[in-house]
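Here chain A shows up in two complexes: once beside chain B, once beside chain C.
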Partner chain A sequence: MIARKWLLVLALLTPGLGLILLLIGMVVYIAIAQSFGFYALRGDSAFSTEFWSEVLGRKLFSKAVRYSIYVGVWSAVLSIALAYPLAIWLRKPFPGSIGIGAILKAPLLVHGLVAAFLFINVISYNGLLNQAMQGLGIWSEPRRLQNDSNAIGVLLLQTWKNMPFALLLLAGAVQSISEDVLDAARDMGAGSWARFRKVIAPLTVSGMQAAMVIIFIGALADFTFQTTVGPTNLQSMAQLMVSFKVRGDWHSAAVVGVSLMIIALVGSAVLAVVARAVMRGRIR
Partner chain B sequence: MNHAWLNSMLMAMVVGIAFIWLAIPFTMAVLWSLVDPVEPWTADKLLPPTMSFYRWTDMWENSSLKSALVSSYTLAPSAAILALSLAFPTAYALGRISFPGRETAKLLCLLPLVVPPFITAIFFSSILFQLGLNTWRFGAIVFAHSILFLPYAIRILTVSFEQVRQDHIDAARDLGASPFARFRVAYLPALRPGISATLLIVFIQSIEEFAIAFIIGSPDIVTIPTLLYSALGQDFVRPNAAVLSLILVVPNVFLMLILERLMKTANPALLSGKG
Partner chain C sequence: MIGINRISKSFGTFEALSEFSLDVKQGEFITLLGPSGCGKTTLLKIISGFLAPTTGTISINGEDVTNVPAESRDTALCFQSYALFPHLSVLENLEFGLKQKKIQRDERNKRVEDVATKLGLNVQLDKLPNQLSGGQQQRVSLGRALVMRPSIILFDEPLSNLDAKLRDQVRVEIRRIQQDYGLTSIYVTHDQSEALAMSDRIAVLNSGKIVQVDTPEQLYASPRTRFVADFIGGANLMTGRIVEQNASGNASIETSLGPMQANKGAADFGSEVSLSWRPERAQVGAGPYMGKIVHRAFQGQFTDLLVEGNDLSFRIQTSDDIYRVGDTIQFSLNHDDVVLLEDEA
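Let's turn to the complex of A and B:
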């Protein structure tokens, strides 16, 4: 009976979970194998660490790694820093709070490419922002804002797109804190900052970590924002991987892909641990 | 009173920011899509001097828009139906059978969401090359989309299966219902909103998906996002990009609003008529 039940469960899990594990497992396996010279689509397939040493030694690669981490970390931090106060503000319903919540979450419905287009429209050379700044007399002539070299445009877009997502997760976490706990803290004389540090922050840390990690991985691996509004003298890791692949250099693309996965994993773990330490007040 | 004042200040601020953040860019997109080519919209004019639907009809007749719409709106329902059928058995197991490791299985189902999409796209295309299936583009995209969005499908259907009431199943059995009749009277009413929500969410995600469609589909299959991407890059014509942006965004906003309603009605008490 037990064996029959297990067989049934396995049979039921195969089309769903089974296919997920098969596809993602194969993708990760092929990426690792190709980064070590196997599964060559041209030439010999043999074990080699040459691709790793070659790609890792290139300045292009280290610049892409630094740049992607910069975008990943800042996007996550900015989105969460903006979403936290909003989540706390919207914790208790008030007249109009549903409308405000809907407005804040609206970017979730807008495709990233559309967001990029809207953004380009606003910041273009003859765009609204330049016009407004000139009209106000702040700038004497239009400035080139598109593809800025500090990737402010990319960070703005990432925050625009991800803040609502962080808000969604944090609002859920903040709303689940019982009113009694906050009342108790208030009765004991805790001000709003103390209530945040000592009650809200520790109780919402797992929701915050989840938002942080998901936004970090998404922004770290960004391709579309980078290629549409990002700096032209820098490449993100995903962009570098695609450019290797387009040239038919699958092994180098695989090295970048595997590095991206490792950075995503290690980076997420580091961010989660740091976020927990900060929120629990161990680092001041 | 001080608190109420602060609240209204904050509300005014959010509405003001949302105006700059959402209303102005979208109004500009609509205006740009209406710019008639006989007279360009220059920086010194507040509104386009001549407005018409020329860009819309021109895009419809002379660009890949038609084929992009056909492929996007064929890929998406196919992926949605495939994802629903693949997720159904797994969701049943996760929602109605208790077995050791169930929570781990639920977590593993989220894997496609944490692997960066361009990694999945590139190395899935590498697998297709290894298998000699690299010309099988349409099927490959449908397959990849349905697996990539299985996490949503499994999650929603698992919750629906958990909400099926055991007393309804037992009552149906006691009254001598066949397995099919039991499914129809006890399971289906509780599952229906979950099924619609699953179809809808995979549909929306598939319409919007870029990495797989871009890497696997090019150059033969153009979808709306890949067409918009090229309109933003190598052949940037602002009014055309505006038309494409609106075509991508407007239908999906309505679909998302329907989805939100469906997710709210996924409540067994409402469906079975008792609390």
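Let's turn to the complex of A and C:
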């Protein structure tokens, strides 16, 4: 009976979980194998660590790692920092709140590439922002805003694109907090900030962690925004991986790909732990 | 101590409170009693600062606090849902308000220990709220309010989620602690037995207005209106006409059940009046009134009889468990037990 029950569970899980594990397993296996010299598309396939030592020794790689982590962390932090007050504001329905919520979630429906091109139209040398600033007499001549070296454009786009997702997760978490609990905190003398820090944040930490990890992983592996509005003196890891692949160096591309997966995994864990610790008040 | 001065509150076109005024004395335990939707919780939220009145003022110790935010008022509210912080231990829940008010650690520890001991929470201090029973959670909620030592403690139907036995127990505890600490308390409930058992005074509300404010004894013995008579203790209500009045102030009233004597009050000779009498005040055995028992419910200490007579239906409670359905019963009423009611309008 028990064996039959387990067979049923396995049969139910296999189509979904099995497919996911199969695809992930294949990708991970091929990437790791390729990074160690196997599955060569040209030349001999043999075990080698030379691709790892070569790629890890390059300044281009370490700069790409630092840059990707920078974009990943800041995109996640900014998206969540903007989503929290909106989630709290929209917690209780008010006239127009459904419309506002829908508008805020609109970026989820716009493809990243489309958003990037729209953004270029706004910030380009002859774009809307430059025209507006000059028209208002604030700037005397147009400024170069595109492809800025601090990747502000990339962060803006990442935040614009990911904030609605964070809002979706946080709104659900915030709405699940009972009105009485917040009133009780207020009754005990907690102002708005204290209510957020001591009640709302700890009670929504799971939603926040999920949003942070998912946004971080997406932004860490960013390619679209980086290639359209990112700085020209830096490459993201995804960009570096593609550039290796374009040159036909699949093994180096695989090294970058595996590194990206490791950083995503470790970075997500670190972010989740730090976020929980901060929200729970363990780190002051 | 607390001055509630002509408070009105509207939600759109719905008027939850209308020109509500009440003074509560220092150390007094007053209960706001009324049916669901009568405005009692709205009033409590206005006093605690969670809602702003449409018109009127609230004063505490002579100071107008109408525009003082909830977090700055010297009040503490015990919620119907307990509203404990689920992520904090019992100890952290108790300390929450004290930390907000930046009370020194020594004083904080002293107050928490004192309240935890009084409420029997010492062994629960490290537990999370979801590890406690309903009664224990209620005690934590009460303790969290008590450690603040507020000028006023407000209770929003705090016993409604407890079972009957626990309710009786916590009811006694609340009253004892309120008296021990000398707390001025406003207690909201729709349970008349809770109100009668606990209060120094009861304010009966209906449709956002005060109907009567009195001591429990006075309220029970001398309800002013049909609503109060019916809501408190379920009195028998009937109408009649004053046909005679004597020099001592008593009136003879002609009713469907027969002639009755009552203290005249403000009613005029010949006028139509409403009157009430309590089911347990009927002296069963002999008397001018009679009816047939149509339903009988044994309640332990007494038997509740539903009686019909002269096209009237009324209840009688008697300690004699000798009556059965179908029996004809005779009874009398003392004139002090028949109360003339004021016009509701």
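In the analysis below, the second predicted complex is superposed on the first by the 281 of 284 C-alpha atoms of A that agree within 3 Å, B and C clash if a C-alpha of one lies under 4 Å from a C-alpha of the other, contacts with A are read in each partner's own complex, and residues count from 1 in each chain.
We adopt the following convention: a residue touches a chain if its C-beta (ideal position, glycine included) is under 8 Å from a C-beta of that chain, and two chains touch if they have at least 3 such contacts.
What you see is a predicted model, and the numbers here were worked out from it, not measured in a lab.
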{"item": "Clash or fit, chain B versus chain C on superposed chain A", "value": "fit"}
{"item": "Included angle at chain A between vectors to chain C and chain B, based on C-alpha centres and rounded to the nearest 10 degrees", "value": "90"}
{"item": "Which of chain B and chain C A:P15 touches, first, second, both or neither", "value": "first"}
{"item": "Which of chain B and chain C A:L56 touches, first, second, both or neither", "value": "neither"}
{"item": "Partner chain(s) touched by A:V77 [first = chain B, second = chain C, both, neither]", "value": "neither"}
{"item": "Partner chain in contact with A:L113 - chain B first, chain C second, else both or neither", "value": "first"}
{"item": "Touching partner for A:P202 - first (chain B), second (chain C), both, neither", "value": "second"}
{"item": "Contacts of A:K5 with chain B and chain C, given as first, second, both or neither", "value": "first"}
{"item": "Which of chain B and chain C A:R186 touches, first, second, both or neither", "value": "second"}
{"item": "Partner contacting more residues of chain A (chain B vs chain C)", "value": "B"}
{"item": "Minimum Cα separation, chain C to chain B, after superposition on A (Å)", "value": "9"}
{"item": "In the complex, chain B residues that touch chain A", "value": "7, 10-11, 14-15, 18, 21-22, 24-26, 28-29, 32, 42-43, 85-93, 97, 99, 105, 108-109, 111-120, 122-127, 129-130, 144, 147, 150-151, 153-154, 208, 210-211, 215, 225, 228-229, 232-233, 238, 241-242, 245, 248-249, 252-253, 256"}
{"item": "Touch list for chain C against partner chain A, complex", "value": "48, 50, 69-72, 75-77, 79-81, 83-87, 96-97, 100-101, 144, 148"}
{"item": "Contact set on chain A toward chain C in their complex", "value": "178, 180-181, 183-191, 194, 198-199, 202-203"}
{"item": "Interfacial residue positions of chain A with respect to chain B in the complex", "value": "5-6, 8-9, 11-17, 19-21, 23-24, 26-28, 30-31, 34, 39, 41, 89, 94, 96, 100, 103-104, 106-114, 116-122, 126, 128, 131, 160, 214, 217-218, 220-221, 223-224, 227-228, 238, 241-242, 245, 250, 253-254, 257, 260-261, 264"}
